[in-house]
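Should a chain be cited, it is by its letter among A, B, C and D, assigned in written order, with residues numbered from 1 in that chain.
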Amino acid sequence: MSESSVADGAGMASRHAVLHILNKPPGHARTHLCLATLAATDALVLIEDAVLALASGLDTSAAVYALGPDLAARGLAADNGQTGVIVIDYEELVALAAGADKTVSW
Amino acid sequence: MSAVKPVSFTLVITGAPYVSQAPQTALSFARAAVSAGHAIDRVFLYGDGVHLASSLCCAPSDEVNWHREWSDFIAQQQIPAVACIASALRRGLVDDGEARRYERDAHNVQPPFRLLGLGEWVESMTSSSRVLYFQPGGGH
Amino acid sequence: MSQTPERNNEGFLEDPWAWSRDVAAVIAGEDGIELTGAHWEIIEFLRSFYRDYQMSPPSNRLFVKAVKETLGDDKGNSIYLMQLFPGTPAKTACRIAGLPRPTNCL
Amino acid sequence: MSVLVIVDRSPYGSWSGRESMDMALSLAAFDQPVTLLFSGVGVNWLRAGQDPASIFQKAVERNLAAAPIFGIGALLADQQSLEDFGLDASQCVTGVMPVTVEPTLLARFDDVVCL
């Protein structure tokens, strides 16, 4: 897996092997399936209801991104105390999806 | 903004408007992708996502009409927009051709949306750089 | 039309179980097809496929594939099937075999 | 291009699995390599002896039996989910291959579709 960096203004994102995009809330069977297939070298993007995981806790060694507008909508602060979570906007989500080797929408 | 080289996306929407967030997330993504210089090869509506193609959508005036927003966007950007014909027929979404074929007296799918088969999706799978899915939320 | 059970505007039977060999001959006749042993082999194949799997092959390509898998390369090719069932072979053959109208999905 | 289509919805109560199956069939129709994976409640697709006549649906078990004829490569099932629902290979449709759902499983495919 290449680690070639896609530099951008937001200082995000080395290139990840698989970009997992999750929109299901914590506790959903699909969330468990996503986490079961998430490699440490992959990245996880939380969108829609999946950002609620920042309130309930998330245990993974993969890079985690969360979509800012969905956090704001649900009254959650930037990273809600979860260390290492990178808050992104739609532009940065596009850049991540464009730069990934492979994407999976869960 | 980004050094990512341009790619082509196909966006598959499987969540219905006013039932899920899928059409909104997909449209925000699509607008951001276009402004970053990426191509959108096709929008493919599948499963409950086909409801987005209904031209009979009557949203309250203080809510977003997702059908109209999407229609305007894909017409402006000249993006092919396809609703899966098998998903659509079962859910009561027909264009004029299918209305004639099935002897129905009305239709609710018109350009820029078209009814075509899953072959369009297979074509996207083989030709687009990325195929992303915008799905129903947890309640479905 | 009076010689066959109820049919839709494209000539498909409304009830696959109302089919008989005589009905098949009438429907085929409307397409100018005189049924031979070669036709019957495909018709029987389709009806037994429908009985076993509760579906007819969902597209013309898959119809050809299923015939090939069951009856071999000589018969499982579009030229052979087109000669027997002109037009779109899956559609013509399903109509004669009394199976539901394909949804044109694939 | 090889595609993994994942079915993690229950049969009958949800239509989603049938629509996943249609995607797999359409890939097969265009000779694209495709594999099905059943996971979570989705493993109940595989249970032998389904009789949905009285709920007016077609048997997904019977539809699934046609998969190899159309060229769908393999039927995989998550081992843990099979156990969770009290299923072993002898109680499943033929040809089911139990697997462990882990990152290396996804790596075997170019694309993963999970409706």
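We take it that a residue touches a chain if its C-beta (ideal position, glycine included) is under 8 Å from a C-beta of that chain, and two chains touch if they have at least 3 such contacts.
The structure presented is a predicted model; accordingly, all values stated were derived computationally and were not measured.
Listed by label, the chains that touch chain C and also chain D are B. Centres computed as Cα averages put chain A at a distance of 24 Å from chain B. Measuring from the averaged C-alpha position of chain B to that of chain C gives a distance of 33 Å. The centroid of the Cα atoms in chain A and the matching centroid in chain D are 27 Å apart. Centroids built from CA atoms put chain C at 50 Å from chain A.
In chain D, the residues touching two or more other chains are 22, 26, 29-30, 111, 114.
Chain contacts: chain C has residues 59, 105-106 touching two or more partner chains. The residues of chain A that reach two or more other chains are 30, 105, listed in rising order.
Here, these are the chain pairs in contact: A-B, A-D, B-C, B-D, C-D.
Residues of chain B touching chain D in their complex: 14, 46-47, 86-87, 117-119, 121-122, 125-126, 131, 133, 135. Taken together, the chain C residues at the contact with chain D in this complex read 49, 52-55, 57-59, 61-62, 65-66, 69-70, 105-106. Remark: chain A residues 6-9, 21, 23-25, 28, 30, 47-49, 69, 89-91, 93-95, 97-100, 103, 105 touch chain B in the complex. Residue ranges on chain D touching chain B, taken from their complex, read 1, 3, 15-16, 19, 22-23, 26-27, 29-30, 32, 111, 113-115. Contact residues of chain D toward chain A in the complex are 6, 8, 39-41, 101-103, 105-107, 110-112, 114.
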